[in-house]
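Working notes, beginning with the structure itself.
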């Protein structure tokens, strides 16, 4: 690929990513956010490809766009928040403050990168890779390095995923025969019998708190 | 010379132990035997010692090392230093020299009599054994006081007798007033002891010793004249501080106020402790430390002034007291003032002489009054007596002897001693080195002599003469007291009659046996003839003056209070000015009230205030609790920062990271580039 | 590059403890799935088999740890981990914490009605990840280990779904944890960049490294760890999470996460080498942490929350050794202080939380001061155990807490950080007040209302006994452990 | 244009946007997404660095990429857990407003 | 003979005994009480054996019967015990007090007897350890360790405000001691050891401290000790603690615990930091003098007997502190009266105030009130009790012939040699002491019997006699023949002062 083409693609994709990212964090409706996030991830994987990380680029697309974001959308659909369920966003001052913080973070990071000695003599384009037996970024090369150099981590990740599975199951499973607590959860508001004082308290708190998000009141109490 | 002196104080102490521990169980008979026999035994020992001393001079016994610090650190080079001495030694050593052995005789002698007297007087009291235990203990301490060869041991006795005095004044403690009186006595004495302690410290610091003989020697060498501070030399400071102690114990201005109150105790106690022995220990101290005082002329002037003033003031108060014991108490204060006046005049011998005779006649008077009180079932108000001569002839006789003795009627004991004191003042005022100040003091004491005669006869008249004012239901029960009381009164009366003869001055043909023995007075015989003659003529003048004043006082009292002389009394009573003065005198010139207002109340109130303001409010509430609540407040502030809102948490995180990042980068910028 | 996988004996030995832990966790899940529902006692029973499996697994892991002791092998798994005394010490503490927690968990969870394999499984997965974290020597394995243990801990925090606090705490922990992971990861990226493409800890100290990237990178990594240990200002999650978690999970979290995180942090810092600015900054963080943690704990009425703030405060104390080793010429041996402190902290904190667990009322934790009033009469043993824990946390002598403070403060003073020790001491004074409050409630007050008397299960009893005895024993005879800790920091692999 | 530095700038920017999202938004879903954004931004840095160093280090030429892969795996697991917690909260509170989770404070 | 670790035995006997008692069934009250008493008696016998049996040589001024084994060498800690003339009396005081205290609790405490006895025994171990430790950290350890049982004693078995008092006591003490801990750590940094004799030697020879540093360290040590003593204005915990503590607590507190502060000064504060002592000496002396007078004034206006006695402790301990600092007479000369007197006075105060608290406890047991206003005229009802009370009072106000005088006098003599103004001011305390104590006696024992309830109070029982008589005997012994005690102390003091030169 010729350098100018790389420049152009990068510029376009980066711009896309920036815009999409900004949209992700500013859209009120989470579905839009999710969709824009997919765009960000997509542009990312494009950049990865540009950076000769072929395998990773595809993994990015698969896992992020394909799996994680689907999960998000799935959950969004599952809970199906109506307009009223969407939380009132913070006041402008809050946003300004958050924005200020984020901007400052960016400034400092920018400064760091800017001041870095290593990066100041950075060539405009990445150095050309020596042509070896395997191509850089290919699945084979990637896999070999992964299993030789990072075997332990690879195994550990399996535990990580296992924990994730167990956790997700434990947290989101609705009820078990012998575990009454979750079943109550869902019906607690409409259940004729309150099982404990504690819950009554909880509910009372909800009602107390409700006026703050005044628009939601109706929706919050609805099942 | 070494001798076995320890038995003198030990015997009464044994009596104390026996009575205190077993007295209650074995009953009053046992108690009276033990109580009376131990002082008598001590008296006998003292007598033996006296004879020995007379023969061979002072005796000494080192019983054991009481407090001893070697003081010089082991590897120290001994630095000879004349100013400050290290190391400290206070042995339990007893010294029987002429003064102390005479004191011992007086104490054990009079004490024995009073013990005997008490057997009758205290009969039937619930605290009979307690009483005798205290009394025996008192004897022991008093003897330690006089025999102690160093100031600290003397101080042991000094405080010990104070303790016994405290216990005996408050003997009938169910009455708050008695308990208060005891407390007052102890506390006022403590103020004096404060001076005493400081005097001991000074001696220790600058003389390196507290042995009385060594201090005397050092003072005689003139060591006391150098050093010093605040414009007074060392000797003066020591003398003044010792005098403060003496003033406390011997009831001198400004610390005399406890003694009249001390009459709350049983009368024999008043006789023994508050008349004959303990209160004179101040005088004894001055005599013992004579070299110190000799080296401090300024202190002597102060002492003389205080003594004279006390004598006069107490006599004035005594004029109008109605409580028979109060009269005697003020009289005691007054007589003690006399003695200090004598010391101030440098007449230690005279003071000591008066001490001894005073012990006789004042004990007699007190015991006599006790006899009356006993007969009257503890009625002490003379306005409710009168005419007792008929029921109590023996008591009357002895009391009268005592009165005449104190009034200085010639040939009675008081005559010789008082005369000697007055003469000393006269000689200082008008002798070879005339001094106006001494003249004023002397005039005061002369006046006091008259007043003394006056109020004493007044008390005789009010008690024994005239119409009976005894409460009718009491009158038939009044009778002469028991056997032992009579014995004691008799012996003391005899001593009051003839006791003066131990110190008959040269002009009356005597040779001043006591002075010769104690060597407290300068030997006049070495003076040139002319001077001696002049002295003698002055002595005559003084003697006649004093006798006249004394008789005048007696006469005045006789005319005012004697039988059938109501008219004159009425005249006196109806005069406004005199009545007001009388009132002042009767109210003791409001000294107690002044003390209460200017000393006691401020101390208590300021303590209260300090407690409330400094202790409770400032320290405890503001500082301690305040800092605690401030910390908790800060804690609550941090708690409130934990708002529970995730955005806030995240913002804290973000800002924290930001700040750290910023600092890191600026530090890097600063150092690296 | 060889094509076949080489798996050395040393690597096997090194990874064995964590492998055993993972296997135990898996086994527990399987057992529970297979026979759990057929358990005659159902949820009410103690599910002894889970506990026993756990205990056996932990003991095995411990044995595996001990079996390899002595030889030190570094750069295992291509530099992913090293098997050294340092890691083993930390691993030992972690395994011990897990063992005690498991032991106590049986009766506790049964009483709560929440006894399932997941708790034990997650406990052991987390523990395995922690052990690996303590042994990791490159950035990737550190990151993955951290994330694994974090996930396990998030879930344990929200373990009791019926408590609202539990879910809330889990959420807060999760969001903030992920946020901090972002920073940690960014830091790692910068470090990766600064070293010119190495993720090996030993290359962090490379003199040719890019200064600014490296400084910022290490700072971001430190921030990530500061979050994990609950240092101010990254502490906000701690109180809420501890309060919401079941008592035992909170205790385990407090100890094990701290141990693993501090072990990794120390390893990184030791490898990174001297850095004065980082030392200054960490000193500031330590000061703020000690002050805020102790002050905020002062007025807490909820014991778990109070212990949470106390945990923050102790992180502050633990940061002192990190500060001490950081500057030019810093004393590397000071890190032993942190290790020993953590060992003591294990006993005290597990003891405290286990005591709270022993006192649960119904299906709730008993976590208020009010609830433990008059406890000395109801449960003398629990009261003694809790008091000992409090006393040890306060750093009063004859307890291990004192020895820990002595060690840490001594090193601080010796290296010229007197002010840190001073602040540590002043805040310790403040801490005495709130540590005494439970003691006051238990011993000086009578119960305000007759609380139902629940007899703690044997596992809890055993745990409490072990912690109490341990607190005293290590408080009186600390030498062996201290020597061990000093020995273990002599040669820290990276 | 297409250089290590610009990749890093982009990465930093996306990271900051993620930070903004986390800090500013109240919707838990969006917060979770912002977190994903942050992680992904860092991935870019890793890969870019990796590409840059691939020339130097033949043994570890994919190090950055592998790191990124692990991050992706972690992100996936985190997403699963995060969404489960979200579901749990939704069931209990019927809310996805992060401000409603403030039962515990102080 | 020397191989017998007698000091360890003395320290450990109560602790092990407490452990033993922990296994006795709590229903077995009598066994527990007697067992505790036995244990304390054994300790007493051990300590007496040490003195009488020739283990301890009174003529030697150095540490004796030393035991020095490494304890946690990794941390630099050693188990280093030793005894000398400074500590011997305090050890004896502690072992002597304890059986009496235990005996006094037999009737007074009926709730949780077992714990009570165990606490007291542990407390004893702590106190003994603190007096015998020659390792700075070991000392600190014992110093803190005894806080806990005392805290429990006040907090569990105390009066109405016991919690406030207990917490105040604990935190007050902790504030001071933790700063001392920091100073100890600094010494470690400077000298590389925690061992007291070594530290002393190194400070003197190879590692001298700058005087400014000395001041800081001394201040840290002094603060800790001053709180414990307690010195004005750090004293407010004491009245609260005394009033709320049960009898045994008060007795131990007054009898032994307060001496920790003064002991700390003499053992650590002064010898370790001579320049600091020089700089802070005047301040501390002034505070001591203020304490003497202020404490006395406070005692004057208290209506609560225990509070009164507590404030009197403030006053008395002021004397002790003053004495401890009075050894340098200028021009390089030393005097030992102050220090010797102060050491003796520690014991004296322990006896007299301890006895007062015991007596108050006896009456409290019968009438359950400490308000002075509720008493009066007791001397008639309970003569023996009153006799004891008066003896204790007299000892407390320093009547010659009883113990209090000897110490007070020596302190004042020493003070006077060094600084006359101090001595004069302090001597006013002697007067004030009489004022408040006699007021107490008057209002408590004398006067008419106003309250009917008091008429039926029983006089001291045999058991009470058993623990009161030894104290009186000791008071008289010290008062009349202090040589046997001074003889034990002085050689050490001389050596000590020599080292300070």
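In this document, chain identifiers A, B, C, D and E correspond to the written order of the chains, with residue numbering beginning at 1 in each.
The criterion applied here is as follows: a residue touches a chain if its C-beta (ideal position, glycine included) is under 8 Å from a C-beta of that chain, and two chains touch if they have at least 3 such contacts.
On a predicted model such as this, the values are computed, not experimentally measured, just so you know.
*Asks:* Count the smallest number of chain-to-chain hops linking chain D with chain E, moving only between touching chains.
*Replies:* Minimal hop count between chain D and chain E: 2.
*Asks:* Treat touching chains as neighbours and tell me the shortest step distance from chain C to chain E.
*Replies:* Minimum step count, chain C to chain E: 1.
*Asks:* Kindly indicate the chain pair that has more C-beta pairs in contact than all others.
*Replies:* Maximum number of inter-chain contact pairs occurs for A-D.
*Asks:* Just by CA atoms, which chain is the most central one?
*Replies:* So the chain sitting closest to the middle is E.
*Asks:* Could you put a whole-Å number on the gap between the CA centroids of chain A and chain E?
*Replies:* It comes to 68 Å between the two C-alpha centres.
*Asks:* So how far apart, in whole Å, are chain B and chain E when each is placed at the average of its C-alpha atoms?
*Replies:* The computed centroid separation for chain B versus chain E comes out at 36 Å.
*Asks:* In whole angstrom, how far does the Cα centroid of chain B sit from the Cα centroid of chain D?
*Replies:* About 97 Å, centre to centre.
*Asks:* Need the CA-centroid distance for the pair chain A / chain C, whole Å please.
*Replies:* Using C-alpha averages as centres, the distance is 28 Å.
*Asks:* Residues of chain B that contact two or more other chains, please.
*Replies:* Answer for chain B, listing residues that touch two or more other chains: 639, 642, 644, 646-647, 650-651, 654-655, 657, 661, 665.
*Asks:* What positions in chain A touch 2 or more of the other chains?
*Replies:* 90, 94, 97-98, 101-102, 105, 108-109, 112-113, 115, 119, 145, 149-150, 153, 157, 160, 163-164, 167, 171, 182, 185
*Asks:* Could you draw the chains as nodes, link the ones that touch, and say if you get a line, ring, star, complete or other?
*Replies:* Looks like something else, not a line, ring, star or complete graph.
*Asks:* Touching pairs of chains, all of them, please.
*Replies:* A-B, A-C, A-D, B-C, B-D, B-E, C-D, C-E
*Asks:* Could you list, by residue number, the parts of chain B that touch chain D in their complex?
*Replies:* 639-640, 642-647, 650-651, 654
*Asks:* Under the touch definition given earlier, write down the residues of chain D that touch chain B in their complex.
*Replies:* Result: residues 19, 22-23, 26, 98-99, 101-106 of chain D touch chain B.
*Asks:* Which residues of chain E touch chain B once you look at their complex with the stated criterion?
*Replies:* 61, 168, 233, 236, 294, 297-298, 300-302, 329, 331, 333-337, 340, 377, 379-380, 394, 399-401, 405-406, 409-410, 412-413, 416-417, 420, 423-424, 427-428, 430-431, 434-435, 438-439, 441-442, 445-449, 480-483, 486, 490-491, 494-495, 497-498, 501
*Asks:* Using the touch definition up top, name the residues of chain B that touch chain C in the complex.
*Replies:* These residues of chain B touch chain C: 628, 631-632, 634-639, 641-642, 644, 646, 648-650, 652-653, 655-657, 660-661, 663-665, 667-668, 671-672.
*Asks:* Along chain A, where are the residues that touch chain B in the complex?
*Replies:* It is residues 90, 94, 97-98, 101-102, 104-105, 108, 111-112, 115 of chain A that touch chain B.
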